[in-house]
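Look for chain A in each of the two complexes below; its partner is chain B in the first and chain C in the second.
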Partner chain A sequence: MEEEKEPAMVTPGEVLGTVSEFKPGKGTYVAPHNDTVFASLTGYRRNISPAIDSSDQRPIVEVTGHKAHGPVPQPGSIVIARVTKVMARSASAHIVCVGTKSVREIFNGIIRQQDVRATEIDKVDMHLSFRPGDIVRALVVSLGDARAYFLSTAKNELGVVSAESTAGATMVPVSWTEMQCPLTGQIEQRKVAKMAS
Partner chain B sequence: MEYVSPEGLRLDGRRPMEMRQIRAEIGAVSKADGSAVFEMGNTKVIAAVYGPRQVQNKSQQMNDQALVRCEYSMANFSTGDRMRKPKGDRRSTEISLVIRQTMEASILTHLMPHSQIDIFVQVLQADGGTRSACINAATLALADAGIPMRDLVTSCSAGYLNSTPLLDLNYVEDSAGGADVTLGILPKLDKVTLLQMDSKLPIDILENVMQLAIEGCKAVANYIREILLENTKQLEFRRGV
Partner chain C sequence: MAGKGGANPATYSPSPTIQKKKAPLFKEDWVRPDGRGFHQCRPAFFRTGAVNAASGSAYAEFGNTKVIVSVFGPRESKKAMMYSDTGRLNCNVSFTTFATPVRGQGSDHKEYTAMLHKALEGAIILESFPKTTVDVFALVLESSGSDLPVVISCASLALADAGIMMYDLVASVSVSCVSKNLVIDPIFEEENYQDGSLMITCMPSRYEITQLTVTGEWSTPKINEGMQLCLDACAKLAKIMRSCLKEAASDSKE
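Let's look at the complex of A and B:
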């Protein structure tokens, strides 16, 4: 077995072992015909010992590549998105961050009317909840249709986190439905996120 | 014309079973997710890989696997006579298709549904064997991009002139009109992903020529592995500093 100190470097197609010896992890694959584990990436090979309580006592073999791929939104992840368009029944947004990581390409998201808040979901007015340009924290509900991810702001800590007023200043949240412009004192309607203090 | 001299040397001074010098470099295009330059003698190609990324044309999106696209082009200055070829002529369309199918056989497309991978290859200098050089460059670029693959795909050509099997034909030998076999293999899995031949050969001679091409592919594979390992080592070293 490999020494943990000196991990071997492998390239795609190299044999790492058999299925009886190892459990295939990331960066590896199993050929269906001969139960052999192969590498599918270039990088260092690592053997990870299995959890003590797991029924499967084979060590997991994985290959860590050097290129990190950009994060991809998944159902359940919290994302930061910029609202691009507000319509009567939905608002579309560009996802810019997944968790704490910024994405490398644009993913489209859509916040439907029924996903804006948890209560009185039929009385939501989209135009009184979001404006184009707002920065929103949202939860990915599902992969959605082919065009966009479905996002939801139906939680206290979700909603608009940063918005610009018509005067051009960053507004201050006043309540969970209102934000105020520090320059003009004008109050605008938003679905405001409750920030952890 | 005499392509192999009585002393057993070819026009460029190589032995019949000798390859041209190969050289590869990773990371030639900084914007791309993966890129490489590959040279076989005077043939020089550059490859860039983008992706896996979102599918641009939604109608081509597949729910169970990634879409692989490939574009082959030849620089106007790549050949001796500077020709202005329209983009998407029959030759380049065919080679694009060949490269795409060859690479698709190796990429684990089922791991990346709803996404697309773009491979761009351009010939900077053409001296025979551009098809092989493009496939080798594309393999390197894909490996650099960290796209999961079954195995590296490597390619090499072989021919039959003056009743001698010749490895890795150059332009003069390629245009001699003899048989030209381009072979692409998965070297560790011992599988053929590409086999093309123009003109005809008796089956027993084809076997010899193919065996020669397989040896060539394996030599290329060893070199590519070396380059990849060297590149990974350097990246690790830089990260460590």
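Let's look at the complex of A and C:
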């Protein structure tokens, strides 16, 4: 990684170079009619040297540093969501984080019955997987319909990461389907996420 | 219905059309009310970050025309809207009740709203925020001629401030044809006496036009001259806008 000494400030529409010189990175775009790389954001221009072993030896030009708009869920992104409603065939959730960034506006997500876990997907009981108020880590599978993004927890590392018991304490995961209340010792059913540590 | 409209004395009749009188200042060798040259724009002032609650905002002042634009989002599209893969742009232009000399007329301006949407839509990279909507709310604080061009330029600055990906900034300038002269960036009085107007909205560094509005009667050479004037002015306006953005960005860094 190599950076310029004094990064220049650019604004949307400023010419950064040509496609033959640079590979367009974040905050830039290419005008197809004249193969020119333009900035699409306000920020500092950075040239990043390509990896030594890559076949493409053009430096990557990026525009970063200034404000970017709030994160927007996209298919493939990992999100943190708060479950708001659990129904027989699906659960609704508010997306609160996309990746590591918190969203500025609320986005609605929906976890369908077939997306809760990877196996025995027809035997899932939604009420034994989530409760309203649970914090869930999920994958955005698609943009969904007009109402909500479609979320999936069908992976080991996805599912409930934090939940409160009926007694009001934060529960401790016991297995991938159970969580226990530290106060009462009561065990509740959840689709628990396997934490990395 | 009871009464026949034909011979009813109570029906409304518009007052006899008054011939549009040219004010004495629009005679042969007139000067502009604010003393500018015909091809001279009003001093432009821009500032970003005028509204705290918004994701991005800008304030613009051209002479007495004062405009504030706030940008919200990208946020989830309204439920009633159909599903769409790309992002959406939602615009609204409104006037304060004290914007015009006649009080209490402030409200949404449908025509400007549609024109603002058309002018900006082509400049935004809508693919960068799929399924969501960016809201652009423009408020004319004081209307004193060339309102729409000011609103458009200010809105593009607000979008850039919000960090919305754009192909280029959008600058907009209008000219009026008053008798034989072309006057750039007309004020309210000049717009009232104009024989025709031309507004260009362009992306200066790409040299592309996103919107062109012509009203009134124009000869081809006049149109050419008018367009050239507008494009030159747009390029200069964009420079001012860029310097404003850079200033704001380097201020926030410190």
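Keep in mind that, in the parts below, the second predicted complex is superposed on the first by the 130 of 197 C-alpha atoms of A that agree within 3 Å, B and C clash if a C-alpha of one lies under 4 Å from a C-alpha of the other, contacts with A are read in each partner's own complex, and residues count from 1 in each chain.
Keep in mind that, in the parts below, a residue touches a chain if its C-beta (ideal position, glycine included) is under 8 Å from a C-beta of that chain, and two chains touch if they have at least 3 such contacts.
The model shown is predicted, which means the values in this text are computed figures rather than measured ones.
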*Name the contact category of A:11: first (chain B only), second (chain C only), both, or neither.*
both
*Is A:38 contacted by the first partner chain B, the second partner chain C, both or neither?*
both
*Touched chain A residues, chain B compared with chain C*: C
*Pick one for A:69: touches chain B only (first), chain C only (second), both, or neither.*
both
*Does the superposition put A:145 against chain B (first), chain C (second), both, or neither?*
second
_chain B versus chain C as contact partner of A:59, first or second or both or neither_ = neither
*Just which bits of chain A does chain B share with chain C as contact spots?*
9, 11-15, 27, 29, 31, 38, 40-43, 65-67, 69, 105-107, 146-147
*Where on chain B does chain A make contact in their complex?*
33-34, 52-54, 58, 61, 106, 108, 143-146, 148-152, 186-189, 224-225, 228-229, 231-233, 235-236, 239
_Could you list, by residue number, the parts of chain A that touch chain C in their complex?_
9, 11-15, 27, 29, 31, 38, 40-43, 65-70, 72, 74, 104-108, 143, 145-147, 149
*In the complex of these two chains, what residues of chain C are touching chain A?*
55-56, 72-77, 79, 81-83, 85, 125, 128-132, 134, 160-169, 203-206, 238, 241-242, 245-246, 249-250, 252-253
*For chain A, which residues count as touching chain B in their complex?*
9, 11-15, 27, 29, 31, 38, 40-44, 65-67, 69, 105-107, 146-147
